[in-house]
Amino acid sequence: MPPFDLLVHNGQIVTPQGVVRVDVAVRGEVIAGVFDPSESVGARSVVDATDRYVIPGAIDAHVHFDLELMGKAKHNFESGTIAAAFGGTTTVIDFALDFSGQVGSLLERIERRRAQAEGKAVIDFAFHCGVNDGSDRTLGDIEQLVADGVPSFKLFTVYRDMNLYVNDATLHSVLERLAGCGGMGAVHTENADLVEYYTRRLLAAGKRTPVDYPASRPSVAEAECIRRVIYLAGAVKAPVYIVHIAARQALAAVQQARAAGQPVYGETCPHYMVLTEAMYQRPDGYNYIMSPPLRSAADNAALWDGLAGGWLSTVSSDDNSIDVEDKRAGQESFDRCSPGCVDVETRLPIMFAEGVAKQRLTIERMAEVTATNPARIFGLYPKKGVIAVGSDADLVLINPRAQLTVSPETLHMQVHYSPYAGWELTGLRRPSRRGG
Amino acid sequence: MPPFDLLVHNGQIVTPQGVVRVDVAVRGEVIAGVFDPSESVGARSVVDATDRYVIPGAIDAHVHFDLELMGKAKHNFESGTIAAAFGGTTTVIDFALDFSGQVGSLLERIERRRAQAEGKAVIDFAFHCGVNDGSDRTLGDIEQLVADGVPSFKLFTVYRDMNLYVNDATLHSVLERLAGCGGMGAVHTENADLVEYYTRRLLAAGKRTPVDYPASRPSVAEAECIRRVIYLAGAVKAPVYIVHIAARQALAAVQQARAAGQPVYGETCPHYMVLTEAMYQRPDGYNYIMSPPLRSAADNAALWDGLAGGWLSTVSSDDNSIDVEDKRAGQESFDRCSPGCVDVETRLPIMFAEGVAKQRLTIERMAEVTATNPARIFGLYPKKGVIAVGSDADLVLINPRAQLTVSPETLHMQVHYSPYAGWELTGLRRPSRRGG
Amino acid sequence: MPPFDLLVHNGQIVTPQGVVRVDVAVRGEVIAGVFDPSESVGARSVVDATDRYVIPGAIDAHVHFDLELMGKAKHNFESGTIAAAFGGTTTVIDFALDFSGQVGSLLERIERRRAQAEGKAVIDFAFHCGVNDGSDRTLGDIEQLVADGVPSFKLFTVYRDMNLYVNDATLHSVLERLAGCGGMGAVHTENADLVEYYTRRLLAAGKRTPVDYPASRPSVAEAECIRRVIYLAGAVKAPVYIVHIAARQALAAVQQARAAGQPVYGETCPHYMVLTEAMYQRPDGYNYIMSPPLRSAADNAALWDGLAGGWLSTVSSDDNSIDVEDKRAGQESFDRCSPGCVDVETRLPIMFAEGVAKQRLTIERMAEVTATNPARIFGLYPKKGVIAVGSDADLVLINPRAQLTVSPETLHMQVHYSPYAGWELTGLRRPSRRGG
Amino acid sequence: MPPFDLLVHNGQIVTPQGVVRVDVAVRGEVIAGVFDPSESVGARSVVDATDRYVIPGAIDAHVHFDLELMGKAKHNFESGTIAAAFGGTTTVIDFALDFSGQVGSLLERIERRRAQAEGKAVIDFAFHCGVNDGSDRTLGDIEQLVADGVPSFKLFTVYRDMNLYVNDATLHSVLERLAGCGGMGAVHTENADLVEYYTRRLLAAGKRTPVDYPASRPSVAEAECIRRVIYLAGAVKAPVYIVHIAARQALAAVQQARAAGQPVYGETCPHYMVLTEAMYQRPDGYNYIMSPPLRSAADNAALWDGLAGGWLSTVSSDDNSIDVEDKRAGQESFDRCSPGCVDVETRLPIMFAEGVAKQRLTIERMAEVTATNPARIFGLYPKKGVIAVGSDADLVLINPRAQLTVSPETLHMQVHYSPYAGWELTGLRRPSRRGG
């Protein structure tokens, strides 16, 4: 047996079976062997992972790089994936959302995005394909894409003005087709009627500041829509993935469906778990304008419980790196700035410091919701999402005793703000040695 | 004590407490006394009700007389109420649905309809006020109308082309206002997107005959919408009345909400309980085009169970007496005829013959769903809906051993068809003598 | 029409249909007519009931007079029924619980109790028949008794030492037989194993005072047993009546079963709704030793909600008038005194003052749970439980503005204590005039 | 790196992450490395596993070897573990059930059983400790045993005559203590009152043959008891393991609790999934007398669904190898023979042929319920139950295309019958190559 290319030695490997102390050997880009650390295995390069957690490279299933839809994202595929990598993320799933009509088939849209990323991205990437109509041609394209290995399709129940919105019939037919061909819908769920109505009323009443923003997209709009989408998905026996869940009533709908055995997968984001609408009262409250908005501490708590309890499946960043000048326009009127939160680099540190270190989540569960589950749900598993022989050698080392002060300056995000600026992220006092 | 004006002697009076043999004495238009039949009470006129059931005059909470919206109804307030009276109905609740914009306030719309009925109707009448917008003016009018004694408001989640449709935001604001002022929403619940989509697809595919019709308004469209309306009503703590429930999945949503204590009231119609979509295969299948459409025998059975079990609250006719020429146009293409079923005269006979005589329903429950509950829900109780001292002397006698062959010729409906034409309605073989 | 024997004029009659102002005319012992107060009806005797509520005579479905089982009751059928009558109760249902073996058939046991009451009781009475075995002879007797008009049978899941206990198999067979012949089981539900165990442990640990008592019969023992009895009843499709529910977890089991459509009826008592285990800290805490014990304020609140919401069906007194000397022995060791609470005279005043006047319960619902429901459940309806022509003229007048200070001296109970001694029962400030 | 002791080359390794083609290298008794098959790994001994599934050695968490309680088991630890090994089982968990009073502490009982097994057993073994009282001494022993690595305790709700029975109070206190110290109760759940009653009645009525047997232990007895045990466990926040679930109503109780998040683990056995009470009609019907009894095809189907759906956690054999002479006595009267089924060798073949090959279960799920879950639940994980570096090298190879005719002669079970005698166990037609 020739020496391996790389050996990660003596780390605390996080697996679905628990944390175990083993060596991981890599040949090329693939994990070629897993050993007891006492075995003397030859390798050209050795990383000492003693007292480090080794987790499967995190997957961020919800990023928006090179986006020109709601404001222009500062992250292109190069800068965005660099930030991701610094944050422990080794794969991103972005979106093909060009509904300008200039790009023909769904496949072409995907290809165009691939071309944008190719050569720029420093980590692996994939795309969800956006869908905003239910025409026979689109339904046919969906089947083709699934067959070609693009299994997931993004649908929006809001943003009529941006041509993203699909109505219930389109939703129903697309989900039905996806059920038939083994694809997966990923749905942004807010009730368009309610969101447009409350937005209009607030603006008309002169309630325009960031503090007024959350009332324009109330929890009931999110919760109603999730219930509706779940019901329509159930009617056609389609699995469905609900993106960026923020409200506890929305989580409750997912929980109810899953308890009844329906294949529903809920995503949330770090910011919905650790920040509240109190942020809108800050001088830079505009930086927190995103959809859905930040909610209450009770919602935070429910999301942590839902994540630990297995009701929520993934944590993504929904990274949308809006320029600070654009955001600042929201100070005057919340509808003047592009919604979005920049979180691709901070996602994993927040999950570790606020989740694992504060014992809201085990390290195994953190790996599951940041890597294993996104891989499984979006067809990347077992190539991604697990440390196992034959899987890609996407490995992230975590020093559980490290401390980090979040600073936009030292982060690699292309905007000069962070929702967590100034936070002290404290690691574990004593690293767990389970399985060591 | 001077002699009463009228004495209904020795009947089997149907009360919520059971069937009892008592005399009912009337002075003017009001029940002035209730006695043991052995008391010798003086009256100017005596009706011998021996071996007859005496029920509170039935209330039909869903009729469309003098309608010029979906086809022109043949029933005006005179002919319609005559047919109603022959069918044992002594009060109808019709609708004020003039959204032409020519009639100003909601109150004016109600007044205009009252004027149409006044002097023509041979029985009592009231109106639900239609609402198709959620403007501040309309919300104010709603409060005023509730204060003035018009407690119920009709909302449509379909019929965008006829300007009846309200979106979720309007629904939400109207229900919220109704919750605040003690009013009641009555909602036609079908998912507009789904109905329009399936209709378009069928027509485009050349599937246009009455047999194709039910697929244009599938159960999922009804069930989804009921769930949504119930959720939105619950969010603003508003009671809500769901009209003409046809699908068992829709009933299930009502049942779930009521079991959880939510004030939701479900209405169904006789035709949804005894007819199935097999009727669309008849040569005159067009006569059965109504919305929602007739469904399956399993739905029939579920509705009977739901009615007996207390999950459904009322049975109305949704009488819409479309001219047979108009209906016939549906033969060629189901969208060419006006939807609607004529049932105001047959409602009670069907409920007795198919419900009570076949032991699917007690006579007490029949009285409850055809009289007591509509009276309670729409603010007419205890003036209407019960045989009690002080209540209106609206009394209907039923000969439980009578037999009736349904024939458009002998009925008083202004159209020359009946969904039950030729049916033999058999009464009870032996009248129950409970309490006698 | 000859003059009536009695006319109750111009009262606010409480009916299931609401409160209405009518005259009630009585001939012999039966209500012979109901009139509008403006009718000039002749009567030999007239009671002016202006500004009084008139309710159907209350039924107390759970009293123990002339009992020699757990201590000797001070109330015999004369003194007990006098106290009942002063408290607005016109019918009591007591028990035939002689399991000494000296009295043969169940029918003989009932006859023996009837003989005890006959000539002494000043109001109407009936009996539940106790059952403590499932022998073929007993099952046959049950069928006979139901045919003879004794529809209800008491079963105890505790009190092994007093020969009252039935095990699950006896319970199961008795309920199965009752389902077959239209009878009703009334079950005291506490888990015998748990109660005996906790009692023994507390006593062994020297925890013997009234304050220690509640821990000997914890809520889990009540709740587990109710769930078990409901499950066994459901398995044989038998209706079942659960006596004296005290714990909110127990109520939850009833609620769950009823929401699923199972015919389960829950009884509670005034003392479980207004008193808490804090009473055991009083110097006379021994007077509050009863089984199950008083529980917490949260349980009180849940019971009020359950009663108002329709989940609980009746309120009885479980009157067991233990001599104060006997009770006092409980001071030293809670197992030394007989359990029981004296409440037959105070039941209705407490329900009115604490329930109706404090708006936890409508007057209609009070009449339902104290009269109508017990009558329905135990086969006395419509002779009892309703003010209607043909029903017994059991009428109780309530002055809603009266005030009462509870005092053992002025009450007619044969023990010199009351759980509510010193309470100021305040009526309604303004009588409701609904329907007047 | 010196050559490994053993290399299992090129097999289809079954992991929780799916089936993957890897090499497994063993040093001593432990898995020391896992490699890509293309790596040339040195080993002293190589097993070619091409086209074989390699699963973690199965764990049978419910066997009775060397039992002298209900008849004398023919399997001692030598013959029983040999049969187990031939059936693909590498670890058994037996019981210490000596309640004779001659063996003092729980620990001594465990030690005595260990001594019986030591030197005889050819595979690994462990013990559940039987508990039949809730004394302070026993509760203390339980804590000690859990600390010493014996985490599970068997409780019986039946078998009063054999001194196995615990009442609800003992159950409650033991579960409470287990919750406190991290142990696990494993409960045989049948309602003793019901089982004794129905047994007595049948025997008294002369209904004594094997065909009569199932009625002596009806589903309601199993289902009621499971509900009760789950409720009591929930009340003290104790996890609980329910052994040998046979009835679908019993499964439903487990499902309901798990859906609500309660840590309840259900076990079933192969015979409950593939055999029905029709077996009692065979000439050798007595061989199928076991408790609980075999049930219907509907129960079979529900158990497969429950297993596939994640509601049931494990499949064990409940092997109790009663001598055929003893069993035959059951022909005359079902209470004359010892209950029990012999299944330790056939468990895995039945699960593969009837479960995996018939596509009721994936191979991954089969490994989970026969190895991973028992290991996790009973504290053997990750030493057992998974193929991973550091775990014991318990490896079972399955040839998915092999065929087997079950014959007592070729099996290694010490009784000359098998519940599946004559069955043709057909493997997969085409081996799955997922992940290969």
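Each chain carries a letter (A, B, C and D) given by its place in the written order, and its residues are counted from 1.
Just so we're on the same page, contacts are C-beta pairs under 8 Å (C-beta built on N, C-alpha and C of every residue); 3 or more make two chains touch, one makes a residue touch a chain.
No experiment lies behind these values; they were computed from the predicted model shown.
The distance from the centre of subunit A to the centre of subunit B, each centre being the mean of the chain's C-alpha atoms, comes to 50 Å.
If you average the Cα atoms of subunit B and of subunit C, the two centres end up 41 Å apart. Taking each chain's centre as the average of its CA atoms, subunit B and subunit D sit 60 Å apart.
Residues of subunit B in contact with two or more other chains: none.
If each chain is drawn as a node and touching chains are joined, the picture is one closed loop, every chain linked to exactly two others. Applying the touch criterion to all chain pairs gives A-B, A-D, B-C, C-D.
Contact residues of subunit C toward subunit B in the complex are 1, 15-18, 20-22, 27, 30, 32-36, 39-42, 259-261, 309, 381-382, 386, 388-390, 435. Subunit A meets subunit B in the complex at residues 134, 167-170, 172-173, 191, 193-194, 196-198, 220, 223-224, 227-228, 231-232, 235.
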